[in-house]
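Same chain, two partners: chain A is paired with chain B first, then with chain C.
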Partner chain A sequence: MPFLNVIRWVAWKDLISEVRSRETISSMFFFALIVILVFSFSFSMDQAAARELIAGIIWVAFAFTGIIGLGKSFSAELQNDCLEHLQISPASKGAIYLGKLAANLLFMLIVEVILFPMFVIFFNLDVVEELPLLLLIFALATLGLSTVGTLFSAMTVQIRAREVMLPILLLPLAVPVMIAAVEATRGALHGDPLSLYGNWLQLLAVFDIVFTVLSFWAFEWILDS
Partner chain B sequence: MMSALIKWMQRYEGWVGAGGGLCILAGLYLGLVASPPDYYQGEVVRIMYVHVPLVQTAMLAYSTLFVGSLWYLWKRDPIVDNLCHAAAGISAFLTALGLITGSIWAKPTWNTWWTWDARLVSFAVMFLILAGYLMLRTFIDDPEREARYAAVFAIVGFVDLPIVHFSVEWWRTLHQPLSFSMRGVSMSKDMLIPLGVMTVGFSLTFFYMVMIRTQMLYLDHLLAAKKGRLLSQVHLSSDVGSSSSSLSTP
Partner chain C sequence: MIAIRGWDLGKSYGHYRVFEGLSFEVAAGECYALFGPNGAGKTTLLRILATLYRPSAGRFEIVGRDGIAEKEAARAALLFLAHGSYLYDELNATENLRFALALRSVTPAHREIKSALDRVSIGAFGDLKVRYYSAGMKKRLSIAKAMLIRPQVLLLDEPYTSLDESGMSLMNHYITDSLKEGAAVLMTTHDRVRSAEVAHRLGVLDKGQLRQFTVDELNSHAIP
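And then the complex of A and B:
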């Protein structure tokens, strides 16, 4: 099968099974909703404090939600030995990786787009002009989380204690993504000029490129029976 | 069958260990007795002769792990994986010691145990990555898969570290300029020589520890393999029944 077709079919397969079961997105969504509620109870913010803290809260919620989605991405393959079929399939492993990455990225972005209005409502944010820029930040940072996350999801699904190991392996590596995402989101929500925080977008883009290439190469060693 | 690498280690481990020990003894004398106290920091500066070599050796250890992991993925030699495992454990240990001695040094000089400085954060992240590496290894049963996954994780983590360092440096410098920086502090020869001697000593000791630990892990795997073979022989012979006589005779 040609390379691009493999990517398309793997992503398509994940989408179809998600549309039929609605497991991943709904569990991610409700988990994130609970995270938002817990944060709003535990900080009891006024509007000024919310303005300072909200970027961090958004990204903690997104990262933890993302980990749930990433973990489910490959644990779903354990049923009916689907993982072994992926391992022995003659298709390029890198294409399988990119297909999985595309599906994970899409799920996380869908949840983020549903969740963000909740933040706007609960924390009284004013975001109308900055919306396209915020979406760009979300896309870049979510791609960063899911490049390494997809690789580690495939790794941890094949070992013991997989639910514990995915965050333990992923979060230290995601430190640059979290810093850059929080700083850029804060800048955008404050309405700062882009020149003040544009370098964080560049950092996110560099991280995305480096780790997409690296994970694409390394996936060969992970999905190998 | 014994690998050339193990043989080479057995031949040179004594020399490397002795060299490391001598350098550390000489460095301790030079650093603690012969060198002058610092103009600003006084006697406190002497922890530098332990802290800086520890940190540099920890980075040397992770670099060894990185090169070893690439080498393993290329050649798939189990002994190289033992080497990686050994280097990772020692690197995690050295990183923890580096963080602790750094904290002790920071209290009198910066008046704080911890600050969100780029080096401190990237070192803490490096410790977390190494701890994750060692945990990952304990959760995989199949030795070949354990080696493969661990190598991939070590490589991905190594590539991440400069980006972490860079991002934290940006993060802090955008908010406030670093109020304390070791950059630009030029060192007198009286301090540079003991520091160099200690660094060489720690590096040699690290290589000595890696050599010993690699051999231990190698023997461990050999033992596991022999046990497995013995067990399968017993199973085989009990299945066949009559051919068990060759095993029962001493």
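And then the complex of A and C:
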């Protein structure tokens, strides 16, 4: 299957490049670590307030960390004009998009999996029972951020002020994901019944499907323009 | 068979007209060398034919496929060796070749890749990251990629740049082999001596106009 093969190779290329250079994940990780430490010291005197706000803090850290990684996703293709190579290759542009998306999603999830235990330690969270549900929320919301983020990363890569433009474009569109992610995470951390916040999970799933399909179709036009 | 055909091609950037009314054709098995001063629009023309730029006027075909309406089919038939190497610094030569070929649904055996790298004299560096390659080695790796892809149309933008003497000979051997296999080659160059070894026809793009010559006219210094 050439289509699946292209997805695999594009994702592999990004992953192997990152494993060797460690540019993206290390910058994502250190930024998120600073966010955790700052919030941790801010709320060290007030555990009750911290518990109320922890869901928001987690998603501020995850989203802004993700933006760092997403920004580097296509700027790496500018080296040696590799973006042109992707543009004029006869491979399906949708497959190239899905390959980049898979790599971005994996980078963000790796950083989140490393960071979440630090949140648990620094904010003294008890999450053992809710862990499977929290992982599902993280996966759905991170897919939503990566889907639009990968598209906007491609859209802004040729712009001189791309580091500024990516968050300006991405964050307004990611507001539904952020709100749903915070509400669902808050519900899970409080041990609320799923029926109380299940609609936020549905919103995340719908967002993921709609924007993955839209981005898949829009990517060819963006790459060619 | 005509492999590259352009009709009244023109390109403008705002009010600045790079060229206009360019009509030409390159047959399968033919090498066309394009000369001209810096800024004449040679690379722009090549980038149009490579489907990277849209022409402001006119149309073109690659192996009978319209370069705008049937862009993907045209892309499958051509290979563009540009100024940029299209190589990933963190991957080694073998990995770069595998990736580039995978985008074309070509899956060569390991020995084929090794053989191609040996033919361009970088076989000993197959496992070295491209980050550590010189510009000439990157160009040789691009030739190895072209050898494995075997395109019907080769667009070469200043193919001799960065290459040493043996590299330039290697490039001409590769071009000659491709022509024997029926590929059409269109190159931009400033190297009249090297290009005369492989070119069948040539053109000079200057002040927005294309004048076409034979190799004999080149040799008789009839070209300005």
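Throughout what follows, the second predicted complex is superposed on the first by the 218 of 225 C-alpha atoms of A that agree within 3 Å, B and C clash if a C-alpha of one lies under 4 Å from a C-alpha of the other, contacts with A are read in each partner's own complex, and residues count from 1 in each chain.
Note that a contact is a pair of C-beta atoms (placed from the backbone, for glycine too) under 8 Å apart; a residue touches a chain by one contact, two chains touch by 3 or more.
From a predicted model like this one, the values you see are computed outputs, not experimental measurements.
*Asks:* Could you look at A:173 and tell me whether it touches chain B, chain C, both or neither (first, second, both, neither)?
*Replies:* first
*Asks:* Check whether A:88 is in contact with chain B, with chain C, with both or with neither, and answer first, second, both or neither.
*Replies:* second
*Asks:* Between chain B (first) and chain C (second), which does A:42 come into contact with in this model arrangement: first, second, both, or neither?
*Replies:* After superposition on chain A, A:42 lies in contact with neither partner.
*Asks:* Just to be sure I read the superposition right, which of the two partners does A:195 touch: chain B = first, chain C = second, or both, or neither?
*Replies:* So A:195 meets neither chain B nor chain C here.
*Asks:* Going by the contact rule set out at the top, does A:161 touch chain B (first), chain C (second), both, or neither?
*Replies:* first
*Asks:* More residues of chain A are touched by which partner: chain B or chain C?
*Replies:* B
*Asks:* Mind working out whether A:80 is in touch with chain B, chain C, both or neither, as first, second, both or neither?
*Replies:* second
*Asks:* State which residues of chain A lie in both footprints, the one left by chain B and the one left by chain C.
*Replies:* 224
*Asks:* Of all residues in chain A, which touch chain B in the complex?
*Replies:* Counting only chain A, the residues touching chain B are 148, 151-152, 155, 158-161, 165, 168-169, 172-173, 175-176, 179-180, 183, 199-200, 203, 206-207, 210-211, 214-215, 218, 221-222, 224.
*Asks:* Quick one: in the complex, what on chain A touches chain C?
*Replies:* 2, 5-6, 9, 12-13, 16-17, 20-21, 79-82, 84-91, 96, 224
*Asks:* Taking the touch rule as given, give the residues of chain C at its contact with chain A in the complex, in rising order.
*Replies:* Against chain A, the touching part of chain C is residues 50-52, 71-72, 75-76, 80, 82-91, 95, 98-100, 102-105, 129, 138.
*Asks:* In the complex, go through chain B and note every residue touching chain A.
*Replies:* The contact residues of chain B facing chain A are 73, 121, 125, 128-129, 132, 135-136, 139-141, 145, 148-149, 151-153, 155-157, 159-160, 163-164, 166-168, 170-171, 174.
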